[in-house]
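For reference, chains read A, B, C and D in written order, and residue numbers begin at 1 within each chain.
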Amino acid sequence: MRRDDRVILIGEDIAGGTGGKGEEDAWGGVMGVTKGLYKEFGAGRVIDTPISEMSYIGTAVGAAATGLRPIAELMFCDFLGCCFDQILNQAAKFRYMFGGKVSMPLVIRMQCGAGFSAAAQHSQSLHALLTHIPGLKVVMPSSPYEAKGLLIEAIRDNDPVMFFENKLMYDDVGEVPDEDYTIPFGEAALRTDGEDVTICALGRMVNLAEQAVVQLRKRNIEATLIDLRSTSPLDVETICESVEETGRLVIVDEGSPRCGFAADVAALVASKAFGALQAPIEMVTPPHTPIPFAPVLEQEYLPNPERVIMAVDKVMAYGR
Amino acid sequence: MRRDDRVILIGEDIAGGTGGKGEEDAWGGVMGVTKGLYKEFGAGRVIDTPISEMSYIGTAVGAAATGLRPIAELMFCDFLGCCFDQILNQAAKFRYMFGGKVSMPLVIRMQCGAGFSAAAQHSQSLHALLTHIPGLKVVMPSSPYEAKGLLIEAIRDNDPVMFFENKLMYDDVGEVPDEDYTIPFGEAALRTDGEDVTICALGRMVNLAEQAVVQLRKRNIEATLIDLRSTSPLDVETICESVEETGRLVIVDEGSPRCGFAADVAALVASKAFGALQAPIEMVTPPHTPIPFAPVLEQEYLPNPERVIMAVDKVMAYGR
Amino acid sequence: MQLNREDLHDAYRRMVLVREFENQIHRLNEKGELPGFIHLSAGQEASCVGICMNLQEDDYITSTHRGHGHVLAKGCDLVEMMDEVFAKRTGICHGKGGSMHMADLEKGILGANGIVGAGVPLAAGAALTSKTLGKDSISVVFFGDGAYNEGATLETMNLAKVLNLPLLFALEDNGWGEATPSSYAIGGDILKRAEGFGIPAQAVDGHDYCAVYEAAGDMISQIRAGGGPRFLHLDVYRYFGHFEGDAATYRPKGEVEKHQKERDCIMILRAYIIESGLLAESDLHKIHKEVLSEVEAAVDHARKAPSPEASDILTNVYATY
Amino acid sequence: MQLNREDLHDAYRRMVLVREFENQIHRLNEKGELPGFIHLSAGQEASCVGICMNLQEDDYITSTHRGHGHVLAKGCDLVEMMDEVFAKRTGICHGKGGSMHMADLEKGILGANGIVGAGVPLAAGAALTSKTLGKDSISVVFFGDGAYNEGATLETMNLAKVLNLPLLFALEDNGWGEATPSSYAIGGDILKRAEGFGIPAQAVDGHDYCAVYEAAGDMISQIRAGGGPRFLHLDVYRYFGHFEGDAATYRPKGEVEKHQKERDCIMILRAYIIESGLLAESDLHKIHKEVLSEVEAAVDHARKAPSPEASDILTNVYATY
């Protein structure tokens, strides 16, 4: 924002308290992510809106088409239902429908993820819905370092970027350089390198898979763990190359399974790297149910390292 | 509607002309599908609404939860963006969130499909978005006979059913018995039976794939063509059984490819019937782009029998 | 208006019940006993109770994320609710819903709702059911000042007018949508906006139980008589933060305490009752004690109740699959 | 108000251009030459031209499915538009958009739009750009009576007020949303609804170019001066069906013809001009002839223009991928 005054923030309570008699920057977003920016940049660039998602997301889309670089915050991705048209039919399609005559440098930040017992309407991971829509880019960082690099990339990108932040990770601590750096979309990162099996994941699931990888290593199973970083664009090459080497694929994803992101990766590999596959593709996802409130059920719902290990064991056992 | 007065129709212009000085039943929906029902059942059961999708779809959801059996018409599925919350977070989740204490006998009818040069905002096939959402049932008939049986099933079902009608098929003619009959969801139909390759499709794509099957037969390639009828529930068994026989799978779908329905089927087979697969799975879908207006581009966009044949040739050639 | 002894007794009891339920939840949450996001409505009791005292069993309500008061006032079972916030299998949603999704369709409660504004069209749907089936039941939608700016709400005000639905819009204006003041977020005049949709609208002091009861009662009779939707603006105040954990620094210091001392809705009703002579201070005291032990008992029950079974995760997704 | 000769000349020319473009499209469509869904605005010209004559090049508009008039009036190129409806590569959207998606960002035209109400927040976004960058440009959102009931529209009226955006809401009320009369679909009073959001609102006879020009001019100056959003209700009439192919039986027989005879907006402007003496009948005749041959030439151009290449399908999905 210091670098470019066309960058603005817009959303509900991203300052928190605008126009009130108490502290004007009381919240900085529901998780305090944007706290302090109001004080530095003022109400003209850190804009608290009424609770009207269709309208303020649409405002961000219109602003992006006319020269600003808005970062809109949708709080929870579950609220996509309240502004979906502006994403599905406007932001995603403008450039194409208008024959390439417009850019859409828009970022929409939103929380995803279960684990807080926030129940069915505040815990979803809806990246598959957005990945299905041509014209959008979809990103989900797996660490503070990744978050910074991918967010700066998102802000400088000229396409609409849907930026998912797992709500369980706001307290994660990690090395983050002070200076600016960007991480390009569509280039996966190898967390670990092993020749027995390929594991693909995204966001918080990468860390959870890494725990599984550590366990597996004790049993001499060496896994390549790929952090995909963005689902659209997707680094198909890195996935397929790894499967060519390992012959086995496990995908871990927190979204619903049907027409989900795990299925997406599985299908790509089943069509593009079939020859290399030595075992069925295993997908570790939640069941196809809404997200339950009770912690015991929610733990049952979420993927966990044990399930990743079971899936790896299954693909390793196949055909042996 | 004659059978049960809890069945109501609600939507924009489903009568068309309500409250005006001209003909009161002028339209019967944008394609005339509900024409005549207003005259028989009156404005109390065939309810024209203002252009407010979130509100009238939500009204249908609330009515379904309290004892009516509403059939809402969304005109074009592209308008899902304007009422998505009521589907994603309300209709789909009520039963689960409330511990099973509510039924949701709701049908939402909507048009899908490209081929009319209706461009990016009036041509989409968004069944994958809805299939991703646990709690919804998703149906797409492939003929007038199927349409009647599946629609009656939908009306009598106690879950929210998303009913897709391809706009290119309204003029299709076919044998339809006068009497009531239902076709259960999740039971696929075999259009043709052959042992060389399995082709799965839905809606209009079934007919297009059938043209390919006829061509292929001339070259002594015998295909099993499966009309899946509903994506949720999905008849995984029939698909897998057929692949066990043929060893080869081609999926034809009109939705976008990424996290789409073709990928969904491919992933299921790659994980559940991998052992039977003798070739990579081929998916015949549009490219991952919005839908272009120009007929030359739209034809390029849509799957067609030639591409199905090419895909079959590819899987047949594999490994030979 | 003439409130009788029995009604006042009931109203006072319900208000105290909501208050003590909320206080209890607050304490339990501070102790870390409760999972999930919790939004408390303590301070706003005259609104939900004043309106629900006018309702029949077969009337419908929809509520919000801040729904404990609404659903308790409409008749949700205290023990089942407590079990639910404790995420127990015996909870009102079998542990699948939690604080934000309390519902009981049999009592006409279509649920608290985590999506701001979503309850509004749902209530219109319930009203449409009444109208279509020729019942005399009506619907009430409770929503906040923040929700007044949502498309779902605004669209439904128009739809309800066009279809002449038996629907009461009950706007509970507690001055804030999360940290954003309603004075900032609502453009124009609150009543004029509703009237602009052709809906008769009225404001009432939401701290004054009797005023709420009477105003809502009038409107509900008009609605029941087929008069179409009505709009009631209730000025209320919430004591706790937006959700449990919110320090609420957007409010000026001392505001809450001042409010509690001067305008507490239970205090006002208490004074009215005593002055009216219909109940004695000792009666009220007794009610209070009874409610406290009811709430205690519910907590005990909830603590001991069984958690859901792992296999419950797959049930109740569909009626049939 | 004093309209000068040049302005009147220009206005008349633009109105006739829209009319003849629409008539031509109607004929071409009847002949089966044009693909796609087409919505014509013939009859409504005084509104789009009367408003756009007040706009600067760097002002923004958003439009609707019925957008030919708006975008022509704001300066879209006739030849590029004709090429587009013919689905040609030289079209304004290179054949990818068609009738419902005409746009030219360089001229401040954020596009016609196939989603009812969607243009409203988009126009607010353009207005926010002007405000944030400190420009004196403003935005105009054209929308129909049907769109007035969409959540996107209603939410944005509030948002525009709260953020004090330089935005003119231009409600073109042609009496129908598809086959449904606005008298049925709009609850309450049109102006009062806007005023309820705190937006100054005014009605004007949308058949009278001079009245539109003046009313819009006043409001636009207020907006440009930082006064925040304004709302203009224009009473208009469309001659053709909702879309090409609609028999429009929901309208009483003879209504269109009566309207064309008595209240046609071009006829009214023509009479005004001649009476004012600023232009002679022969001048108007000449304008008409010129426009007709311009439109003819555009059709010729479009017929001969190349179709998109198959490979175009993959371009312009992303700026970078």
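One rule holds in what follows: a residue touches a chain if its C-beta (ideal position, glycine included) is under 8 Å from a C-beta of that chain, and two chains touch if they have at least 3 such contacts.
All values derive from a computational prediction rather than experimental measurement.
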Co-neighbours of subunit B and subunit A - touch as defined: C, D
Chain separated most widely from subunit B, comparing mean CA positions: C
Between subunit A and subunit C, centroid-to-centroid distance (C-alpha), Å: 35
Length of the line joining the C-alpha centres of subunit A and subunit D, rounded to whole Å: 40
Between subunit C and subunit D, centroid-to-centroid distance (C-alpha), Å: 46
Set of subunit B residues in contact with two or more other chains: 49-50, 52, 54-55, 78-79, 81-82, 85-86, 89, 96-97, 119-121, 134-135, 288-290, 292-293
Contacts with 2+ other chains: residues of subunit D: 93, 95-97, 101, 113-115, 149-152, 155, 158-159, 162, 184-187, 317
Topology of the chain contact graph, where touching chains are joined (line, ring, star, complete, other): complete
Contacting residues of subunit A [partner subunit B, same complex]: 78-82, 84-89, 92-93, 96-97, 119-121, 128-129, 131-135, 231-232, 234, 255-256, 258-264, 266-272, 274-275, 277, 279-283, 288-290, 292-293
Subunit C - residues contacting subunit D, complex: 149-152, 154-155, 157-162, 184-189, 192-199
Residues of subunit D that touch subunit B when the two form their complex: 35-37, 87-89, 93, 95-98, 100-101, 113-117, 146-147, 149-152, 176-181, 183-187, 248-253, 255, 307-308, 310, 312-314, 317
In the complex with subunit C, residue positions of subunit B that touch it: 6, 8, 44-45, 47, 49-50, 52, 54-68, 70, 85-86, 89-90, 94-104, 134-135, 137, 157-159, 186, 233
Contact set on subunit A toward subunit C in their complex: 12-13, 16-24, 26-27, 30, 48-55, 78-79, 81-82, 116-122, 287-290, 292-297, 300-301
